[in-house]
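Please find the structures below.
Each of the next two complexes has chain A plus one other chain: chain B in the first, chain C in the second.
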Partner chain A sequence: MFSNNRTGWLLLSPTIIILLIMGLVPFFYVLYVGFFKWNPLAVDPSMQFEGFGFNYRRLIFDEVFLASIWRSIKFSVVTLFFELGLGFILALSLLSSFPLKSFFRGIHTLPLVIAPIVVGSIFKLFTVQGLGPLPHLLKDYFGYTLNYGLHAEQAFWMIVIMDIWHWTPFVTLTLLAGLSALPQDPYESAKIDGANNFQIFIYITIPMMVPVLIVVIFIRLMDSLKIVDEVWMLTGGGPGYATRFTGIHIWKEVFEKRFYGLGSAMSILYLYITIVICWLLYSVMVSRGKNED
Partner chain B sequence: MKNLIIALVASTFSFAAMADGHAEWWKKAGAPYAGTVLQGVAENTPPGQYAGEVLAKEFEALTGIKVQLENTSWDSMYDKAIKDMEANSGIYDFVYIEQDIVYDYLNRDFLVNITQGLANNPDLQAPGVSLDDFTTFIDYFKDGSGDVFGVPMEAFIKVYLYRKDLFEAADAKAAFRAQYGYGLTPATSFDQYRDNAEFFTHYCADKGMECWGTTVQGHTGHPASTYEFLESIGPSFGLYNWGVNMDNYHSCVEDGGQLNGGRAKAALNFWTQLLPFAPPEALQSTWSEVGASFAAGRAAQGWVYGENAAWIATDAEKSAVVGNVGVMLPPTAPGVMTQAASGNGYIGYFDGGAYGIPHSSKNIEATMLWLQYVALNDHQADWAIAGGRITHKDTYADPKVLAVDEQADGYFSLMRDTGFLYAGAPPFPFHGAGRGAIDPFIYSALAGEMTPEEALDGACKALDQVMSDLGYQG
Partner chain C sequence: MKIRKLFGKILTTLLWSILSIITLFPIYWMVLVSTRTPVELFGKPDLSPTFLNKIHWKNFTKPFIDGIYSDYLINSIIVATSNALLVTTLALMATYALSRFKLPGSESIFFWTMTNRMAPPAAFMLPLFLLFSTVFKFGDFTLFDTKIGLILLYCVFNLPFAIWLLKGIIDGIPKELDEAMIVDGANIFTIFWKLIIPLAAPGIAVTSLLSFLFAWNEYLLASTLTSVYARTIPTGLSEFVTTTGTNWGTMAAVALVSMIPALLFLFLVQRYIVAGLTFGAVKG
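Let's look at the complex of A and B:
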């Protein structure tokens, strides 16, 4: 037994060491830096300890940072709503047979393999005012002016659309895998009992899909809260603060303004908020599991 | 591209001529470092491409030292260079130092003192290279004692470009006089600039042409717009040094600054009111897009960076307006020209950059050879033709450069004769942090979310907060 344990630990040790170096060490370093006032561009460029709460107290009253968090959460909720809805519809569609199904599935999956920064570039080329085809088409056929460099709401929704385009295929594929693995007995029983398709979907499919849905929500929520690349490419966080999500705000504070201490504190606080949101989801998942038992 | 090919051919001859003169010295000096690979990172500009594609190859043939120059986007260049120097990782042997970031780099002791380095290694001192050959632009890369930390490789002024064909069209002249009561000419005042912009927007629309009255470098999510305001529009209204009081590092009027003063607000009002007369892509345009828009014939006039001015005027493969480009000084408010001429102000941005050596470089001596090769007089004229840049005094008088100057409506002559009216960025070690504080307010003013007055009141407070946080206000 002891020998088995030792072999197990030996085999695991490279992974554990890499995890420690790549994950925990940077985390604790950022946590440490977050307690200091530190900007190498300052008159005094050294790290100055001004109390554990110095940067965190400041963040509580930092309207721009708090607004960026609210913006990120709003973005995540909106994109999740649409990606789940569309993903579910597409997954259900892909369960049935129709002409060119394989072709559609291949095309539909393409965005998933494109790097976020490239997605941003594609959308920029497609939508930039004056040169991209979309503003021309919208203007010519619907009389609608698309200029997200000018209109904050358009910029936000353009990024929502871009994220939906990029990530709905992931939701579709994951839900399709879940739907394909569902047992058929409950469906047959329901049909014998006279349930219609809508009732079957609401009372059988959705309850059985809850674990898969929660995993999808979990992954997409964490991803969308971290969004940076696509936004960076498309709007740069503008106009004004309209698309300055927390990831971009932290980048600007740390790499543009060089507020290393404050930026580290922001990262830690944002990580904490992300963990809290995910913990709430986890609690829902666990309580749901218990109820089903 | 055509210019680059001509330059490649021409450089072969000049390279041969130079090699005749000092080839043995370069071969001998390079021998200890033969096989070394120097890594560099720079902004992807025409002069940078020339350095990477022409000079690097010549240098390798002469010395056996290979130069790999990574020409990339402005943002990416800074990101890579600064991270490398901060981490002291030594990935890059030389980095591009834009004029406005040099104070930051010097303040943080990122760069090798080239003057000192060559003094300590006389064997590395190349024949035919003298720092006295450079224009005064090299002064931006010196410290207080006059030591050089960067070898200039490009320098430009931001000029006023206009479309000669549009301004000289008889029907446009007649229509303009009928509408505004005076003659149509390139702008020498802001009112005239605005009238021209309005006029050509309607003129182009009436003729079914895809062109507008003016460029605006107004990206609402990129620092390019802040730079256009702080370094071009603002100074031409008399707003200097970002409106920062250089004695007490305050920028709000109530504390002695000027960022929310009358001149600044007039400048921002003027600039934002040009937006209806700018191409639709203006709010997503950085300096690159402004150059591309003008080259595509989409604007009648505009403030355009010099690095783009030369190719727009001369490169028929990339520009649709070759032969029709006029170059002038931009309009200025009353008194600004006098202040600039007396050295108490400036009318716009003297843009450019240098190659410097990070302390973290693992090949400092070999890189010093490369930077001296870059500084040689022999290839400056071909480099000027290929990249529209001039860093050496004698280059202006080169016959090849004079010929291109004529094609470019005297852009090089204008830079030679009026360069002293321009200035680089103010000597702020906190350049990036300060500009980052101002950015969102400029974006909001451009997007119409704030009035220019609100934006500048907010911007000065944000900038003051940064300068206070960094300890500059005492």
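Let's look at the complex of A and C:
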């Protein structure tokens, strides 16, 4: 409609420039630093070249780093499982009518907008030994001792519970939007054919919801793979290595030990793994879209 | 059949009541902690709403009036507002370009902006720290520990989402309207001012609010890229972790104050939030 594209590029240019400087330049810079041995606090604070891919070779055998990646993936899958299950049930229940529905939904939306660092603080205040009511209630009514400062398993599951508290609303609302956009015809035909609710759910609702489900899984996986703030606030990555997810591990290596070169290599690997998972899901999404066309 | 339906209704209401208690209980406790003295917090947790009778205001005045937290609060407001304005303006321009012009490679540009959103901030923490403190240098001025640095940086995370959100809306405005205005001799500014902005107003509002919220809530990068002058509220909140013998009351008060914009936001766009946050999913 416009005779030339100059105006178009002009409109697009500020966005591209900012994304280049703040997005792409850091990427190439971290790629570059990753090839050097560099610790500004060491005896020799300069950058030293130690052979091609030196840092990466070190990382392949770095058990702590590999364990942190494995821990992040495990965490992402576990939280996704619970959030999807719970979110689906809640979304389905929101389709029917019951008293105070919009009130309940409003409350359910609340965690969604709270900053991760504030969620970490809320849970710290709620569960910390000597202050929070949760350890007291568990002790009094179930005889269960909650002290995630000492027990690795408890710390991990505490983070899982916090993540479920924080992000189930997102899953619920997204699935609800998807459910209410579904066409009604298949349901009517199924009812005429005498299908029961369970059959309708398995053979009609689930298949029609697959595109929405994939998007939810995509967004949630990306977010939980990069979790840092809440964990940092609640457990600080401890006890030991129990809640040291990849982001926290990089933080500790870079800003406490000042391993710049190794930290860069970690960042690149971390980015690479995220992109691979992302790309896999994206191609599933695209291929499904093509099948439907 | 009728009894079964009634039973289902009761069960659903019960489920949602329990859920709401689980959601609200930790927040309620934070409010309680923020209004109590350290002595009142000692011992067995008292769950009664004591703030109805007496509020220990010192928890709020100590950080925000006597302490440094008022500066953090002002920094947060400046960074989040400027970021929201910048992101909305740039995203509107970029989306219009992507939607109305047949630019070669515009599909790849769109995908590239999206990948910026997916990147884990922790992977960019180190290069940004080094670039901000040593490489991006203009005389004595570095981007490290400046508000302008944070404002520009948050664009990387907010622009993709903003473009994603606005693209559907601007695509939905018929091209014929633009063409009619061009025939009448309107330039690009008139088209934006008279046509695009009024028609896309709800989308623009949600976009800027979400950008504001992101910039307000962001912690990791803010804490690595600032040290004294540009610290925001989330970084201030994290300072409570490292100090020994944490003053829980003050921490709860700061957390509560930093939650206020989020609550206002929720109150304002409660109706749009589903559409805003789930845009891609519903389309997909």
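Here, the second predicted complex is superposed on the first by the 280 of 293 C-alpha atoms of A that agree within 3 Å, B and C clash if a C-alpha of one lies under 4 Å from a C-alpha of the other, contacts with A are read in each partner's own complex, and residues count from 1 in each chain.
Here is the rule we go by: a residue touches a chain if its C-beta (ideal position, glycine included) is under 8 Å from a C-beta of that chain, and two chains touch if they have at least 3 such contacts.
A quick note: this is a predicted structure, and the numbers were derived from the prediction, not measured.
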item	value
Which superposed partner A:171 touches (first chain B, second chain C, both, neither)	neither
Greater chain A contact set [chain C / chain B]	C
Which superposed partner A:43 touches (first chain B, second chain C, both, neither)	first
Partner chain(s) touched by A:152 [first = chain B, second = chain C, both, neither]	first
Touching partner for A:265 - first (chain B), second (chain C), both, neither	neither
Partner chain(s) touched by A:129 [first = chain B, second = chain C, both, neither]	first
First, second, both or neither for A:255, with chain B first and chain C second	both
First, second, both or neither for A:237, with chain B first and chain C second	first
Residues of chain A that lie at the interface with chain B and also at the interface with chain C	124, 131, 236, 255
Partner chain B, residues of chain A touching it in the complex	39-45, 64, 124, 128-131, 135, 147, 149-152, 235-244, 252, 255-259
Parts of chain A lying in touch with chain C, wherever the complex brings them together	1-2, 5, 7-9, 11-12, 14-16, 18-19, 21-23, 25-27, 29-30, 33, 90, 93, 96, 98-101, 104, 106-118, 121-126, 131-133, 136, 165, 170, 173-174, 176-178, 181, 211-212, 214-216, 219, 222, 225-226, 228-229, 232-233, 236, 246-248, 250-251, 254-255, 260, 263-264, 267-268, 270-271, 274-275, 278, 285, 289
Of all residues in chain C, those that touch chain A in their complex	8-9, 12-13, 15-17, 19-20, 22-27, 29-30, 33, 41, 44-45, 47, 90-91, 93-94, 96-98, 100-103, 109, 112-113, 115-116, 118-131, 135, 152-153, 155-156, 159, 163, 175, 178-179, 182, 188, 213, 216-217, 219-220, 224, 234, 237-238, 240-241, 248, 251-252, 255, 258-259, 262-263, 265-266, 270, 273-275, 277-278, 280-282, 284
Contact set on chain B toward chain A in their complex	79, 82, 86, 104, 107-108, 218-222, 279-284, 298, 429-430, 432-433, 436-437, 440, 443-444, 446-450, 466, 469-472
